[in-house]
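What follows is a set of structures for review.
Both of the next two complexes hold chain A, though its partner changes from chain B to chain C.
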Partner chain A sequence: VCTSRFWFNYRHVANTLSVYRSVKRLGIPDSHIVLMLADDMACNPRNPKPATVFSHKNMELNVYGDDVEVDYRSYEVTVENFLRVLTGRIPPSTPRSKRLLSDDRSNILIYMTGHGGNGFLKFQDSEEITNVELADAFEQMWQKRRYNELLFIIDTCQGASMYERFYSPNIMALASSQVGEDSLSHQPDLGIGVHLMDRYTFYVLEFLEEIHPASQTNMNDLFQVCPKSLCVSTPGHRTDLFQRDPQNVLITDFFGSVRKVEITTETISLDSDSAGFESKFPKDELAIEPLRYAEQLPVAQIIHQKPKQKDWHPPGGFILGLWALIIMVFFKTYGIKHMKHIF
Partner chain B sequence: AASAQFQLAVPVAVVFAAGSVPRDLPRPLPFSDVQETEISVNSLRSSAVSRCQAVYRSATAREEAALDAAAAREADAALRLLQDTSLGSLTVYVVPETSSLLPQGISVYVGKHRSALVRAGGGLAALHARLQQLTQLMSFTSGSIAAALSDRVPDSQLGRDARRHLKSSLGYEITFSLLNPDPKSHAVDWDIEDAVNRYVQPILDKLSLVANFSVDSQILYYAVLGVTPRFDKETSSFLLSAHSLPHVINPVEARLGSSAASLYPVLNFLLYVPERSHSPLYIQDKDGTPVSTNAFHSPRWGGIMVYNVEAPASPQASLPLHVDVDMVRVMEVFLAQLRLLFGLSREELPPEFLLESPGNEGLADWELDRLLWAHTVENIATVSTTLTSLAQLLDKIGNIVIKDDVASEVYQAVASAQSAMAELATGHLHSAFQASKKAVTSSERAFFDPSLLHLLYFPDDQKFAIYIPLFLPMAVPILLSLAKIVREARQRKKEPTKMD
Partner chain C sequence: MAAPLVLVVLVAVTVRAALYRSSLAAFISERVEVASPLNAWKRVVEGLALLDLGVSPYSGAIFHETPLIIYLFHFLIEYAELVFMITDVLTAVALYLAIQDFNKVVFKKQKLLIELDKYAPDVAELIQTPMEMHYIPLKVALFYLLNPYTVMSCVAKSTCAINNTVLAFFILATIKGSAFLSAVFLALATYQSLYPLTLFAPALLYLLQRQFIPIKLKSKSFWLYTMQYAALYLCSLVVIICLSFFLLNSWDFIPSVYGFILSVPDLTPNIGLFWYFFAEMFEHFSLFFVCVFQINVFFYTIPLAIKLKEHPVFFMFVQIAIISIFKSYPTVGDIALYMAFLPVWSHLYRFLRNIFILSCVLIVCSLLFPVLWHLWIYAGSANSNFYYAITLTFNIGQILLVSDYFYAFLRREYYLTHGLHLTRQDGTEAMLVLK
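Let's turn to the complex of A and B:
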């Protein structure tokens, strides 16, 4: 999830897209990724190289490419949509690619980046999500067993405050900086004119470049990524809610997708000469009328529509009481004899 | 947290053929007996008790005639018409020890429907032990019930099988895909529609009680496996080792188009025809021997089978070779994988048991019963967890608004779950399953209603934080004036008394 928009937050989009690329490279297909981006970088008029988003200076790696599948873009990246995706309380018309269809055997990786503060994360400069809301959303997910294990990575200023309030089991969290510290960006690119990446994500990506789908690297190595000397901020992590020892957790458990596979040793025997086989349930041939387009835009109705009368509600008790109080005080203070001047 | 006590009643009829009645019966036939055994599910919140309601009687004349048949299979078919075939019930026929109905060395024969033939001998205790074994095989075991309740059981105590099988769902989507990475060499034709109608549809018809199934198929060209197979000089074939199999699925999955499918869980069955340059391709298991089915499956996902095409007879044969896929062989493997995905495997039987193969029906009736028992228990457990967590959510956010339809769904879910539990306790599996399905639908609809987002409801401290800075400055002069009014009124009240 990239929670920022505008040109000067280029690095957050580059962060998210780079993590997206690594995760795809390690085997997770698009149908299992929900990508939320403001997506205003590639076609931004200030982008000197349109249709690209670079993650490395000297424009070495274009992370935008041809097969980026953004599920929530631009103004759809809101706190409400994010929480709806997590908890599953989505309106029924949402397509499958915008849903999180996880079950109790799914390991979920959540990566968030943007601008944050102590206990909150800013969404698109207009709203914020607090750590309490996030913890509650995770608890809702746990109640419905929508995850087996969850890895939460956040790269924002004071990122550690976002995972302080988690209380559901099987969650591991990583943040790029502690409370009171700022996460810094990595390097500006003079050709594009903005900072291209954040430091923590840059080093995490260097670490992930060495992982391949069959690798056995574990989480403890990920915790060592980006020490204070390189990152300036102190990355933090939280494993007390996690049941397994991080030593035994493979990176590919979250970043890649290694499925459990069994060899099929049984077959059933089918009789190929069963030409006279009749189904027990006769299939009813339904005669359906030819399909037509529904009347999608009832133009006649719209043109002749009168403006809808909004029902008038009498003012509520609070407003009435307030006005009564004000009027009473006014007349008491100034004397009732003024009434006849008004009427 | 709600604690659920499941009572699972299995109606069993034990029919004794002439000459097979054990001598140590406690009462003369016919009589009925109820045996209750505790099923340990290792959970503080759930417990299950299995009630075996057995009715012992002697065989009627028509049943004797049916048992006179030459082979067990014919007897089974004839007996089917004479027995109680409601879902969940079992009928056990005890034949004399010397009967030739069961082959040598076999003491128990389990038919395709809901009956079993047991060879007498060993008295009542042995008979009880056999009954116990049969109920476990044909209805449920403590392992299958524990797996169904897996949400409520701590992780460490579940067996290996617990989370492999597909979760109970209202529908499943099955996709058959043919992967042809080398269309220049092979022009592959598969008559999938006919194969589905002949072989897959019967098994899905039988499973239609459990869920809605929809089937589609596709052909993908230039879709390669993610792993390069090794060339083995001894057999001059290519081998895919067992530990590289997990990495095969992911590169293909992106192209399978499962994002366009419905919201139900998708089961993918892939048939891979290797390239000319990598033929023949065999899958190796852990010992290094090639797998006879040349197929593997992944729990909760589906299965992949490799179909080798023979090399052309002469090197000058014109490419592409036309290939007609032998759908019977393919469907045998795919349907076996489908059964394994649902958890219906045929392993671990004592050697004296003989199971009748269900043939083209794909599924024996008692296997359907097993699925229904497990799914019913799972559904009821899910309903209770969902409603409990919904109640907790409402406790936490006091001012959440529950719409009328959400409330009615909750009431319906509770009523259906209760009726499902009651039906389970009396042994009516069909109605119990239908009630549990209704309960799950209602509870999911209530829980996942889009209006229940806690973000839409402001906690009280946020309300104070917004309104206090607005109203407090305004309220200061008002309150001071009010105080002044009250003081003046009190003074005026005192003055008249003073004046007098």
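Let's turn to the complex of A and C:
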């Protein structure tokens, strides 16, 4: 998500497009990417090289080409649309490309860049999203089982404030700067006249360039990217909500779409009972125990169930008293002689 | 007389059933003129839902009904429409029977006074005959059931209809002469909305009259009977309130119901006079003005009791009218009740002076209420002053109606005893003026 517009925020668009390209390179298809951009750079009248958006690399890598699919462009990038995409509360007329069609086995990467402050991120210079809103959106996603694990990367000033309020499980967050610090941009391009990238994303991209679908690099390496000497701001990260050890989390779990394919020469007969099927697995298989949703965190602790609605009934004493009174009034008015007809 | 009554009832039930099924039902239940914070159906449903969730319905500022209503609707909530239609029918039948009896009493009294030669010789045309009085009960039932105000109130399922039923039964019990039942129903009516307390005086006067106890302050039997009736009334009230305690095992309902009626915290616009005034008032003075406004409701009882002690049923009518004009959250359902009595005084027709202007004012204001509401709230081209102006005009119309009937009644009484052609001391024609 790029939350800025206007020519001087070129670098945010370039950031986003560069991450988009890396993620596509590592195997995630456009149908699985929701790209939100102001998209006013390539055809901006101030762009000396129209129909292009350059990132840092050699100043010659055009990250805006024929195969960039922007899902939410220009004025559609709003806080409301962003939250609707995350939580899935989308009007039925929305096309599939604009929806986040994730389920409880999906790992989601969210990359946001723009202008931010302590606890908020500015959208399109007219509205803001707060860290509380974002945390609540993620909680909604958790409760609606819209993610398995979530990696949240933010490259803005005081970015660490945006992940302070998360409380849903299985979220890992990275930010380009701590509260009180500004994220700085990388060097400008004198030909284009604006800064082309932000420092943090520049170094993250440099890091990502070495990743290929089979690499075993884990998250701890990503946390080391862009130390203070290079980035001037102190990047931060948050892993306390995450179940697995970051050491064991592969970069490609989030940035790429890697299928574990085992080629076997044996024939496996698929029986109707699954117990028999699992026992036929070859023993030297990479032992991944299937991550069941329920085991990750006790559901009852997270999803606070409403107590079962008990119907209220008026107390017996009241009913007795009321009807006794009514009968007394009746007999007082009409005389006691009717009593023998009733009983 | 039963057959025409049944016909009227059937027509009324059909009209209500038809409206329930139409799309107007939702529109009407939203109208502020029909549903006030005290008796809106939405709030009853909300209160019962809160109770199912284990929360006391009086804990917020939503629910202001009494525990007996909770009990009633707890079992009947699915049949709400039937309940309201039945209450309307019961009210109409009760009023029918009451007025039938009242006519007999009036006729007897008239006969007695004629035989005692209390009437002037030339007032033959003012005497009520049984022929013209024959259809009055039917007209009363008709006026109540087919009054657009009642129909709207029923379609909106406002619990004002239940209050009207209790009041109608109270009137029936009083006119039949049963002090015990009358006290019980009056206690129920007071328990539900505080203001029928003022109806204690006319009921007492009627029962005294019926027992032929003269109303003299020194008379022992007068005080004895008054004490008896007051004791019956207060005991039933206390018993009902204590019984309501046992429904939810808390006294929460007292501030929610009576505190709410008396202190008027909710200033949603309605057809009454309280909301605008208190919306503009500074906090500093609001207690003072709340007291003033509430005293205004109760205050008219004493002078009216002194003036109308011979005519307690008319007093009751005027009192009900005053309650529905000056109460803190009036709705059109309250108005429908006293309007149902108008046929009883149809013999006053020749003395009424403002019929045309009154009917115009009332009809036009009723039609303008939704128009100005729409202009104020939805179109934004009017403001609350417009709606308040219509409220004021409507209430002035009602007050004019009541005072017109009051004057006509007193004038007729005067003519009955002094003859139709009034002359002053020197023989010229005199005019009767209400001072």
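Rule of thumb we're sticking to: the second predicted complex is superposed on the first by the 257 of 343 C-alpha atoms of A that agree within 3 Å, B and C clash if a C-alpha of one lies under 4 Å from a C-alpha of the other, contacts with A are read in each partner's own complex, and residues count from 1 in each chain.
Convention: a residue touches a chain if its C-beta (ideal position, glycine included) is under 8 Å from a C-beta of that chain, and two chains touch if they have at least 3 such contacts.
This is a predicted model, so every value here is computed, not measured.
Of the two partner chains, chain B is the only one touched by A:27; chain C is not. Applying the stated contact rule after C-alpha superposition, one finds that A:104 touches chain B and leaves chain C untouched. More residues of chain A are touched by B (comparison of chain B with chain C). When both complexes are overlaid on chain A, the residue A:43 reaches neither chain B nor chain C. Contact with chain C, but none with chain B, is seen for A:317 once the two complexes are overlaid on the shared chain.
With both structures placed on the common chain, the touch criterion links A:88 to chain B but leaves chain C unconnected. When both complexes are aligned on chain A by C-alpha atoms, chain A residues 325, 329, 332-333 touch chain B in the first and chain C in the second.
Residues of chain A that touch chain C in their complex: 307, 309-315, 317-319, 321-322, 325, 329, 332-333.
Residues 27-31, 79-80, 83-84, 87-91, 96-97, 99, 101, 103-105, 133, 136, 140, 143-145, 213-214, 243, 257-272, 274, 277, 279-281, 325-326, 329, 332-333 of chain A are the ones touching chain B in the complex.
Residues 150-151, 155, 163, 167, 198-199, 201-202, 205, 208, 226, 242, 245-247, 249-251, 253-254, 258-263, 283, 285, 291-293, 295-301, 303, 305, 328, 331-333, 335-337, 339-340, 345-346, 357-360, 362, 385-386, 389, 392-393, 396, 447-456, 477-478, 481-482, 484-485 of chain B are the ones that touch chain A when the two sit in their complex. Listing the residues of chain C that touch chain A in their complex gives 51-54, 68, 70-71, 74, 178, 180-181, 184, 239, 243, 246-247, 249.
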